[in-house]
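Comments concern the structure below.
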């Protein structure tokens, strides 16, 4: 019996992984030829290592004789407004032969299933139409000309920025650490571009010896965070005093840090061992011998289920009637991101997802019924 | 099959006791069939001496079993580490159909061997050993139970699979179990009031010396206590309204209070039942046994109540 | 005077007669408890180490051997809700040819908070900036000694196939109390470790991840299976379980052997105790004549047995505690860790595991007492007229 | 006056119905009255020790009636027989039968071990008896290092620890010189004068020489003559 389950689980996993594989075939963008043409080491916009995504590289020759090289079309698009009047020639890399070709005459495969590093929707250039067609056969997608592809790239910029943002954010903390521990202190706002900043750090050895990855990390941190102040440190685990008791059920809250929540008023902070108790209190403070009114509740903080960090309770998303139980049984389970809440809802058989304002007292007390 | 240090040691000690019993069985058999107190024969004197050996073995077996019972509980708790899904002994006990039987059997064996020893002491006080026959019939019962226990232990431990997922206590007793299964169709407050009422009955029947009523009430008390402890008092020990389990009480996090609670409860029932049995078989007064029983039962109810009161005093609310 | 006092007097006044059994018993306890002390101390250190480990590890096995894993999957894993951090780990054995020993090379990203936390306890007063400026490594005191034997005082040349030897400076030595599982290890930056171990840039020994909410681990494992179906996924719980099982299994096997040996001892003891000497019979005759009952004699004999077993038990345990935790590199450590690649510089952390000693008590004292039941009874019923004749 | 010991038609056969069958006691009938000083005379092997053992409930007779202080001691199970022995009888032996490795004080207290008497009580009682037998100064001496006379006095103190009403002595003077024998007999007569019944198995003439109103029972080959 046991084995049947095992086999079934493995079978399902295998099928799922096959479909997943078909859906998102990774397309290796890294240069595989011996001497890729690099007019510079790093991308003019993102300062990323160019050879890592050489197959999607672009080189723009300007009328003043200057050249700029970009890691991908999306960075060219980002820079397009600044350079569009001065363009002399645009060269793209043929994804097949990895030779430089005239971008304007190339064939572009857009909207395929191939994943690239910097863009949510890949746009891959080919010199010969036959190569493009072959690629479409493998990955799907449409064949377009340069103008339309550039138009698409500009249109997709917002989405791409969003796409990269999440990845970048995880690097900031490390960037901060590198800066604090390894670098001499200097003002990052003195540079015009990220590339200048990175080049300066590298040539002047401002951070000593660094791996290329770490160099990029610290540059990104300085450019995108440090220039505007220090890294926000509010993403912390909620601190619960040892003697704080939940005013609703009377249990010590520090014993259940996974579920801790609090309401802050002018005079007092109430701690709860779950959002359910917090909501009970919130809707009817007088029932729990509190003189506070609804409008006294300045701030509501809850613990995000996935990250276990303290988040703003009023902006959070709550999943109800899932199969995950807190210390008080069924709980509204808080998430900072709507996407996370939706994933959780699906995976843990939740019934509803509500925002803070959408929750009602009956809904909260309804969690205690055993008939779910 | 599951394998661990504690298990090896446990089975070894159990086997040792079993071996001693088999060793003593021949003597016991001879006493049962050949006993004739008035005969001045050498055989009779030998049998009298052999009686000492049997009682020595029983004394040893009982003391070992009493020490071994908490060790067994601890063993079950530690085995829960190896079973997927189990958080405490609850899952291990329910891993197959023998677990519950084995636990019950262990308690029954302790009850019988304890009664045997009290009977033995009373017997030795008489000049003509008048209770030797009932003692050895009881021995026969005990002997077969010990062998049965060994068999069930073997079946139990060899039939625990380390791959099959067992139920955790929350699934067996808690929130997500298929509804509370309380006896007599009562709700938990019904059980509680009955529980306290039974204690009053115990107290009164002891004062008034209605011993039969006291013993019956004690058995009733044992059953009610199981439900009251599992579904009500344990939540105050865990300080968690959703955590209902009779086994987690034995864990370190709760200061091993389970040993005190279950120990006093089982001890209380034992003294009452032994008191009744001894009074029936011999002419001795067994008031002191009933007194011990009442003391232990009272300790149990007091500790349980204290948890609730302490929680209320500390937190100002009930769970 | 009670039975215990009386028994202790009879034992002490006849010390020479009881010495053999006492010594044997103590020796047995000594061996067994040395084994237990070593095992539980190692287990405890391992548990401590495991606590610092990440919540989930992914390894790639080929023919059950660890194989480099493509770190490209990290990007996908990062997207899983509930995963806070994903990082690669690099480690492997470097064969130090001249010494014919293996050195465990561990790569650590010192700039990552999580990984720094895992090794923080190893060193104090460490200048990260200086360390990263050049190819540096931290070595264990045992490795330091080994390298010194071959005149590598300040640096070591790692031989890499088809390439120049890689010169790595010895930056420092782990603190004395460093974990004994790192006894044969050196720690360096991940990139350097990859170079020395011959890993490609996109390869790692394993992928580790941090999951803040432990309730989600099982769920995440399911998703990881979708991403890399052929990999081995190990959760922290698995690691604990596996290590406990391993030690418990080893312990169980040892215990079974021990019990067998101990039974042999008991048989010898039993046959010796069953034959009551003339003097013994006379002693009992006197006691019976002055009013001792059969039961009283049994009580006395059992008290003697208890004193012998308790005293032997305690002295055996005490002696082994002193031996195991005061003497470095005792034989039991070698038995456990194997002496092949262990550099002789191991001191165990004192640790006392009560449960193991309850077990030891059960399998020695109780059988011993059981084996004295029959001799005690037999001597108690000896003919009391012996004393009068 | 009541009979302390009453024996009628007592028989004891060792290994009955075997080639080694041996009739140790044959049809013995006798009685000892309270307060009597009585000696059982006979050569070695005549059965006097065996008879003492039977009276002390250490040996079970094959048949016949035996009552000591009106209790059927031979019918008692061990627990009662031992208690009876402890509470009513004091045994004195030819070889003193002390625990050689124990001190005098410890030897005397040995008989009290099963009673669970409080330590202080044991101590005072033992010391009082030692002073009676004039052995107070040697209380911490190991029994091995005592002279024969001292050993026997120590043994008497031990026999008296429970204040017995009947003393059974088996050749108490056989291993002693004249002076020590006299000493022992003096103690015994002193006890006798305080109301203790004394029964001595001996072939030593000294008893008849020293004690005027002595009851003498002769025993030969297991039978009273």
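Letters A, B, C and D mark the chains in the order given here, with residues in each chain numbered from 1 onward.
Everything below uses one rule, namely that a contact is a pair of C-beta atoms (placed from the backbone, for glycine too) under 8 Å apart; a residue touches a chain by one contact, two chains touch by 3 or more.
As the structure is a prediction and not an experimental result, all values here were calculated from the model.
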Pair joined by more contacting C-beta pairs (B-C or A-B): B-C
Mean-CA-position distance for chain C and chain B (Å): 36
Inter-centroid spacing, chain B versus chain A (mean Cα positions, whole Å): 59
Whole-Å gap between the CA centroids of chain A and chain C: 44
Distance from chain D to chain C - Cα centre to Cα centre, in angstrom: 63
Of all residues in chain B, the ones touching two or more other chains: 49, 52, 124
Of all residues in chain D, the ones touching two or more other chains: 78-79
Where chain A touches two or more other chains at once, by residue number: none
Pairwise chain contacts, counting only pairs that touch as defined: A-B, A-C, B-C, B-D, C-D
Residue ranges of chain A touching chain B (in the complex, touch as defined): 2, 245, 249-252, 255, 325, 327-329, 370
In the complex with chain B, residue positions of chain C that touch it: 241, 244-245, 248-249, 251-252, 255-256, 259, 294-295, 298, 355-356, 358-360, 362-363, 366-367, 369-370, 373-374, 376-377, 380-381
Touching residues on chain D, where the partner in the complex is chain B: 60-63, 75-80
Touch list for chain A against partner chain C, complex: 13-14, 16-17, 20, 26, 167, 170, 173-174, 177-178, 181-182, 208-211, 214, 258, 305-309, 324, 339-340, 343-344, 347-348
Contacting residues of chain D [partner chain C, same complex]: 49-50, 52-53, 56, 58-59, 78-79, 81-83, 85-87, 89, 91, 93, 97, 99, 101-102, 106, 109-114, 116, 119, 122, 158-159, 162, 170
